[in-house]
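Next come two complexes, and both contain chain A; in the first it sits with chain B, in the second with chain C.
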Partner chain A sequence: MEKDRFIELLKETLEIDESIQLNENTVLTEIEEYDSLSTLGIIALIDEHFGKKLSGEDLQNITTVKSLMEMIGEDQFK
Partner chain B sequence: MKINSSDFSESRNSVSLKGKTVVVTGASSGIGMVCSVFASKAGANVVLIGRDNARLKEALNALNGGNHHIVSQDITEYDKLESIIAESVNKRGKISGFVHCAGIELTLPLKNMNPDSYNKLFSVNVIAGFELARIIAKKKYIHENGAGFVFISSTMGVTGQAGLVGYCASKGAVISGCRAMAIELAGKNIRVNTIVAGHVKNTKMSDELFNRLPESAVEKIEEMHPLGLGDPEDIANAAIFLLSDSAKWITGAAIPVDGGYTAE
Partner chain C sequence: MTGNVRIEKTDFYLPEPVLTNRELGNIFTDWDSGKVESATGIKERHIAAEDETALDMAEKVGQKLLKDFDKSSIDFLILCTQSPEYYLPTGACILQDRLGLKINTGAFDFNLGCSGFVYGLALAKGLILSGTAQKILFITSDTMSKHVYKKDKGNRTVFGDAAAGVIISHSDEEGIGEFVFGTDGSGYKNLIVPNGGLRHRYAPKAPEREVPGTDSIRTDNHLYMNGPEIFNFTIDVVPGTVNDVLQKNRLFIDEIDYFVFHQANKFIINYLRKKMKIPENKFFIDLEQTGNTVSSSIPIGLKKLQDSGAVGKGSKVLICGFGVGYSWAATILKF
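Moving on, here comes the complex of A and B:
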């Protein structure tokens, strides 16, 4: 998947305002919309698009968007 | 009123399923498997329905002696259900009990839900169970003395939690549908009850849910059960009672077996 497309999907899942920029270096845990419920949405998003099942514990180790992409697998992104 | 001990026959005050044929869905694991084992211990011939044939065979080995029967079938293939019941009746006799344990859980925020997610939840948790009840209740399949139907619902059918809109809706539908079913089938002496189950640990569903949730959310679930989380045996004991003649005056009830979850 294109990195930009993934970031778009992430913004949709977290319902982040269009005007707010999200990039690989954004710290997810500092985003207001990133809470325990939205992490379930991210788990579902990753399962649907990458066929990878992450756990709640996996998500607790996530800091930036880049660290999330690394957890999914860097080879999954163009 | 004078009371004599002879007024209390064994059949009226013991939890026995002796000689009864009982159909259990979701029998290859968790609550369904334990219900099957307990039904066999209470003397029933059990028809175990599940998707995983290997696990059904394992469950069958755990059952007490008797004339049991396994059926490997996805119960959302609705057009196959009548032939399963017809074959079971042919092999094990008319049906006196039905326990719908098969169920799926989905924890997703409302914004991530879609028609497919709702359909999946309702197809297993509600429609398959109601379809089996419709078929089993036919005169040609149901025992002449009537029967007990038990549906495993959830505390989520009577309360709400974030991320569980679809699951709560499906479990609520089970409770309300069973009330209507109880009224409709009372004339056939079929009793229909639901168990409002709290969170039961050591099941595939529980393990999968706890794996997805952060530790803080798991701790919160535990704290909401004053007696702690349940075991499959806690639900199975209630199900066997509701199937038995000891519950002959109970129908249309939604009985909490939840470690106190709904008492708060």
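Moving on, here comes the complex of A and C:
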């Protein structure tokens, strides 16, 4: 998947305001909208688009968008 | 015995006090009620009063079901709860007396959560088809609110208290189809009340702790739910279970008139629906006034669908319960 496409999907999932810029270095847990419901959204996103599963522990360790992409697997992105 | 069994009557009971999203927003000031409502589908939940127990609620729903009904015809009483009145005696024994059921009635409790309703139907079917019982009153009742810590924002949002019940009897037509069950006890720690049993006694001074990855606070005397792991578990087992139960009943997915899953939360079950390509108009989602009522969520759904006319004579309804244990089960009901 294109990185930009992933970031778009992530913005939709987290219901982040259009005006807010999201990039690989954004710290997800510092975004106002990020909460325990966001984690469920991320699980669904990754299951639907990558057929992968992140453990509860992985999800707790998410920091930046990049850290999430590394958990999914860098080979999944271009 | 030849023939089959059917659900003769279904009803539910909700305790009167209501906890609205607005009230939760006043308690937890950073709580975004709009977002919570759109994601979970919950506007309010009923919370039993301090002195109203799951057994009291079971009695209420039992009375509703037995109104204008020949209660001497009931010869078995089954209660599914995880909010027991006592360690012992069995709640169903007390309930037999409170409901005025005859003395030659069999009665027992069993301990399951969200898969419990489907399990109870399987037990009832087995008891009737083996000739052991004729007419069974099966009740689910839980006060999850009494397991949840007052500072646990997440669980106070999701769970509500409720009781539901059915009367199951012998029938010439097949009313309850074949069952599929599953268990994976390796996940037991992800949905648990750690203290209060005999492994870890209730600890009056149990410290407050944060639920990782959330800003909910709980103690070990209260309910703990690892939301992400529970969601992972449902994604892993529910689609396969639905396929298995269709196969076992020799039905295709488009022959099912309605799907009633355990109402975990709107986001989770709607994701499962999309993943299985179940049309929206055949999929029951209604947590608005109840929240997640564990073992009562499926019978509440069945009653609402029957009352609205969405399910009626001839309808085939696939029901699937999943959760605490981990435990899951599914069957197909024919009306």
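We take it that the second predicted complex is superposed on the first by the 78 of 78 C-alpha atoms of A that agree within 3 Å, B and C clash if a C-alpha of one lies under 4 Å from a C-alpha of the other, contacts with A are read in each partner's own complex, and residues count from 1 in each chain.
Heads up, the rule we're going with is that a residue touches a chain if its C-beta (ideal position, glycine included) is under 8 Å from a C-beta of that chain, and two chains touch if they have at least 3 such contacts.
Small disclaimer: the values here were computed from a predicted structure and weren't measured.
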- prompt: In the superposed arrangement, which partner chain does A:39 touch: chain B (first), chain C (second), both, or neither?
  reply: both
- request: Based on the superposed arrangement, let me know which partner A:55 touches: chain B (first), chain C (second), both, or neither?
  value: both
Task: Could you say whether A:15 touches chain B, chain C, both of them, or neither, answering first, second, both or neither?
output: both
Query: Same chain A residues contacting chain B and chain C, which ones?
result: 15, 36-37, 39-41, 43-44, 55-56, 59-60
Statement: Contacts from chain B onto chain A in the complex sit at residues 107-109, 111-112, 162-163, 211-217
Field: Touching residues (chain side chain A, partner chain B) in the complex
entry: 13, 15, 36-41, 43-45, 55-57, 59-60
Interface residues, chain C side, partner chain A - complex: 32, 35-36, 39-40, 154, 190, 212-216, 226-229, 231-232, 235-236, 267-268, 271, 275
- line: In the complex, chain A touches chain C at residues 15, 33, 35-37, 39-41, 43-44, 47-48, 53-56, 59-60
